[in-house]
Amino acid sequence: MELTKNITLGVYLPGTSIIHHLDPRTKIIAAMVLIVLLLFSRSYTTYSLIFLFTAIIVLFSGIPPGYVVRGLKPMLPVLVIMWIFQLFLFKTPDTTILFEWWILEATEAGLHMANLITLRVLFLFTVTTLLTLTTSVVNLTDGLESLLKPLRMIGLPSQELVMTLVIALRFVLILAEELEKIVKAQMARGVAFDQGNFIQKTKKLFPVFLPLFIGAFKRAEELIVAMESRSYTGGKGRTKMKTLQMSRADLAAAVVIVTYSIILIYVIVTVEPVI
Amino acid sequence: MEKIIETIDLNYSYRAGTSEEVRALYDINISVLPGEMLAITGQNGSGKSTLARHFNGLLTPSAGDVIVKGLSTRNKENIKEIRKVVGMVFQNPDNQLISSIVEEDIAFGPENLGLPQSEIRERVNWALHTLNLEKLRYEPPNNLSAGQKQQVAIAGVLAMKPECMVLDEPTAHLDPRGRREVLESSVRLNKEEGITIVLLTHYMNEVIHCDRMVIMDNGRLEMQGTPREIFLNSKEVKKMGLDLPVVTHIAAGLNRKGFNVAPDLIHTEELIDNLCRLK
Amino acid sequence: MPIEVINLNHSYKEGTPFEQQVLFDINISINDGEFIGIIGPTRAGKTTLAQHFNALHIPRRGKVIIDGFDTTDKQTDLVSIRHQVGYVFQNPDYQLFAPTVGEDIAFGPVNQKLPAEKIKERVQEAMTQVGLDYNTLLNRDVFALSGGQKRRAAIAGVLACRPKVLVLDDVTAGLDPRGREEILNVIGELHHREKITIIFISNSMDEAASLAERIIVINQGKVIMDDATRKVFARFEELNSIGLELPEAMVLIEKLRLAGFNLPTGVLNVNEALNSIIKVLLEMEAHK
Amino acid sequence: MNLSVRKIVISGILGAITILLAVTRLGFIPVPTPAGHATIIHVPVILGGILEGPVVGLITGAIFGLFSFLQPGAPFFADPLVSILPRLFIGIVAYLVYFLTKKVDTVVAHTFEKPLLNIKKKMSPGIAGALSKFNGILPYLLGGAFGSATNTVFVLGMVTWRGYLPSEVSISIGVLHGVPELIVAAILTVILVKGIQRIRPTEDKA
């Protein structure tokens, strides 16, 4: 019985590579740009370019490529199912039939669709993984806070929003330990969590969820008081001990990203999508 | 001497004005003097925590007033100034640390005060140094023992440079070693940094290090004086659900048996001295 | 209901890069009717060890035999073992959840699928055993209880399963002196009157010294002492060296011994300390 | 948008619970369907909306979405349009449904107070007692149900629209998983709200 065992919050892999040393804001913006471009990529040419670029980032990050690939492994079964579904079920009126099997028929359009969504998901996942592998959670929240700052002008309480994230990350592990104790305390009174049907198992959630949520709300009340007594009144008038500093590497990275985006946008616009 | 905190006929009820009103404090008059270490003690539910929460305006009196350095906590505009004067540390260290890194958590208070960056850094370094926490600077709080977390919480309040620190049962969740370390820190902050300390506790071996103590019972302030004076009334103290310090218990027992030992001893050394004189 | 721990080893996060061994070659046997204190510094492995006593942890290496049943054996009915070896956690909020005190205490017996009559009987008995008034508190909201009452309700919730062994994991932490005294009295009664084997994990040397008959000292995952209470506390220098805070009375007596008073070692509580000082003072007077 | 310290803290802690439910797999309960489990990770988001209002619901949903995007439990959650966007609506819908039904509930209860009392008098005390247990829980039940349905419909809608699954598959998943999820989420919402109200005496006791 060890619930905390499986918790890997932010899969940050400390390192000294150029990518690790980049300002988190650079990395967040770059990841966002890459994600948006991915959402529009609908040809094999663009995916080849994306593959090339991703490979270069992996190389520069000093993260063993095997590590990134291994992260994809748990996705594989569902990915295969998704691929098969699209292969047999996606159709366009004018598509050619590749082969038939039982009552199902695989079409060319289905094949392309299956390939495209698989590629998209794979690269989306790789981009976010690279971001979290090379950036610590604290850096991520600092970067996010700094990036959202301009939105204050349109009334978005950016600092407060990031504070919710900081609190969430701080309390996951505390609540995980608490959860483990709650589960054990109820097991000690004879609850067998691994036995029973759907309804019985659902019923067993109550003696765990109630203490968990009630404990969490009690903690919240105490944290509110503690934060207020440390003069927290929200983001207004607040200063920061650490401010992020852009370096030359960030400038270089920005140039690379902009150049790459222009090329990719050009390809996306000019190359005919496969579907 | 100007008082740091003064309560005047302080009364407080939870959920005042509703059918579920619960009276928690009755006519409390108490002052906290600059530089002193004051113990507030009493059973759980005696109202000591409710009282302490009035000291920096977390609660506002239902009747009466609380004055912090001349400012009433009833006036909302004073609250920010009051919280700069009176800092507060709570019972459960897990529920008062916000950041996932020690030094960032200590910076939280000064950041809220809107101080310049260099000053925040200076204060964080000073707080870490004063509480001997430099080694833990980059640790996540989850890796620390409960005692260490509580020291970090104290450092976080210290970095706001308050004149007075109210510690609301800071040792209740700690093991004996953590308890000793937190007590030692509090005494040091009082003696070396000149910070006024209000310590809420029901451990009598912590109370004996304080200059003055009060005992609360059922929302009323029942006894007030130096620990020595108060522990002399052992019956009264026990009636309020509290223990006597071990030394007092023994000294009083010897005194009753007719030995020439003063009955109002509180420190081990005093008892040893007294007994050595009997040799 | 004897418990036998044989060559027990345990690691956290086993099979991950963060694996960390917390128990090393533990061998303990616990006999019926004992009152055992388990002491040791924080994170020494006390709780992890104790959770093997009622199969909340199942050994990967080594064995725990409870009343002849091996917890690693697939045939063993772990739920029934957990009913016979009760475990009370430090914080009652971890287990209390039902709307009323009565329903919460009944939770264990309900899991045992006992008939309603029996359950009612057990609830009543458990409440009496911990000193909670059946008539006034049965239908009280569990969250409306005081801190001390909550702890007793939590103990009652475990007692209602009729355990033969009770593991109490630091159950007095955070209570005020009166609440602490009440809980300790309840535990003493359970041991003396109901003859329940008590395994008392504590951070407080004072409590362990004054209650337990036998003390097991754990440090860094190993059993470093396992003996009668007085004999364990006679080795106070060793205890101190592993970071344990000794009972205050004991510290006082040691200081007096250093000051040249001919006092006995191994004093466990304030009253013993007082009596031994009186004895020495009387002897001194007689000499004069 | 003005965020009080209270809203910040409660959003954060409820967000922590969603993350916790996801990583410990406690948020998944086995159902007899091909995928084998239903999810209740979104229940804290529903609670946030009902107990603290739409803003807390929105932020908690955002934390849920962000986490599901960064550590996707299924491949298509790597797409932020699937993982983040739909989750923003769970708490808001839960709040709106709760708020509206509560209004209707109060009006109905007020209007039909007398006839209802008469009916109750004629019933056996056992049935009346059992029925009175359901008094006032409807808003929470519906809030929970609609919040859960929002998650199912919006996520699967996005999955289909983005082309990750054909609509036939999405619909069958929606029925097979969405329905048990909805039932469990609705019941959990009621029980948790009732439980939390026990420690918050100032709130309205329904």
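Which chain is which? They are A, B, C and D, in the order written, and residues in each are numbered from 1.
Just so it is clear, a residue touches a chain if its C-beta (ideal position, glycine included) is under 8 Å from a C-beta of that chain, and two chains touch if they have at least 3 such contacts.
It should be emphasised that the depicted structure is a prediction, and the values quoted were computed from it without experimental measurement.
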{"item": "Joint neighbours of subunit C and subunit A, given as chain labels", "value": "B, D"}
{"item": "Chain pair bearing the highest count of C-beta contacts", "value": "A-D"}
{"item": "Whole-Å gap separating subunit A and subunit B, where each centre is the average of the chain's CA atoms", "value": "44"}
{"item": "Mean-CA-position distance for subunit D and subunit A (Å)", "value": "23"}
{"item": "Separation of mean Cα positions, subunit D and subunit C [Å, integer]", "value": "41"}
{"item": "Set of subunit A residues in contact with two or more other chains", "value": "163, 166-167, 169-170, 174, 206, 210, 214, 218-219, 223, 227-228, 232-233"}
{"item": "Subunit C: positions in contact with at least two other chains", "value": "97, 143"}
{"item": "Contacts with two or more other chains, residues of subunit D listed in rising order", "value": "195, 198-199"}
{"item": "Sites on subunit A touched by subunit D in the complex", "value": "3, 6-11, 35, 39, 75, 78-79, 82, 85-86, 89-90, 113, 116-117, 120-122, 124-125, 128, 132, 155-157, 160-161, 163-172, 174-176, 179, 198, 201-202, 205-206, 208-210, 212-214, 216-220, 223-224, 227-228, 232-234"}
{"item": "Complex contact set, residues of subunit B against subunit C", "value": "43-45, 145-146, 172-173, 175-178, 180, 202, 205, 241-243, 246-247, 249-250, 253-254, 257, 259, 268, 271-272, 275-276, 278-279"}
{"item": "Residues of subunit D touching subunit C in the complex", "value": "195, 198-199"}
{"item": "Residue numbers on subunit C that touch subunit A, as the complex places them", "value": "12-14, 16, 51, 54, 56-57, 78-79, 82-83, 86-87, 89, 91, 93-98, 107-108, 111-112, 143, 157-158, 161"}
{"item": "Residues on subunit C engaged by subunit B in the complex (per definition of touch)", "value": "41-43, 146-148, 173-179, 203-205, 243-245, 248-249, 251-252, 255-256, 259-261, 270, 273-274, 277-278, 281, 284"}
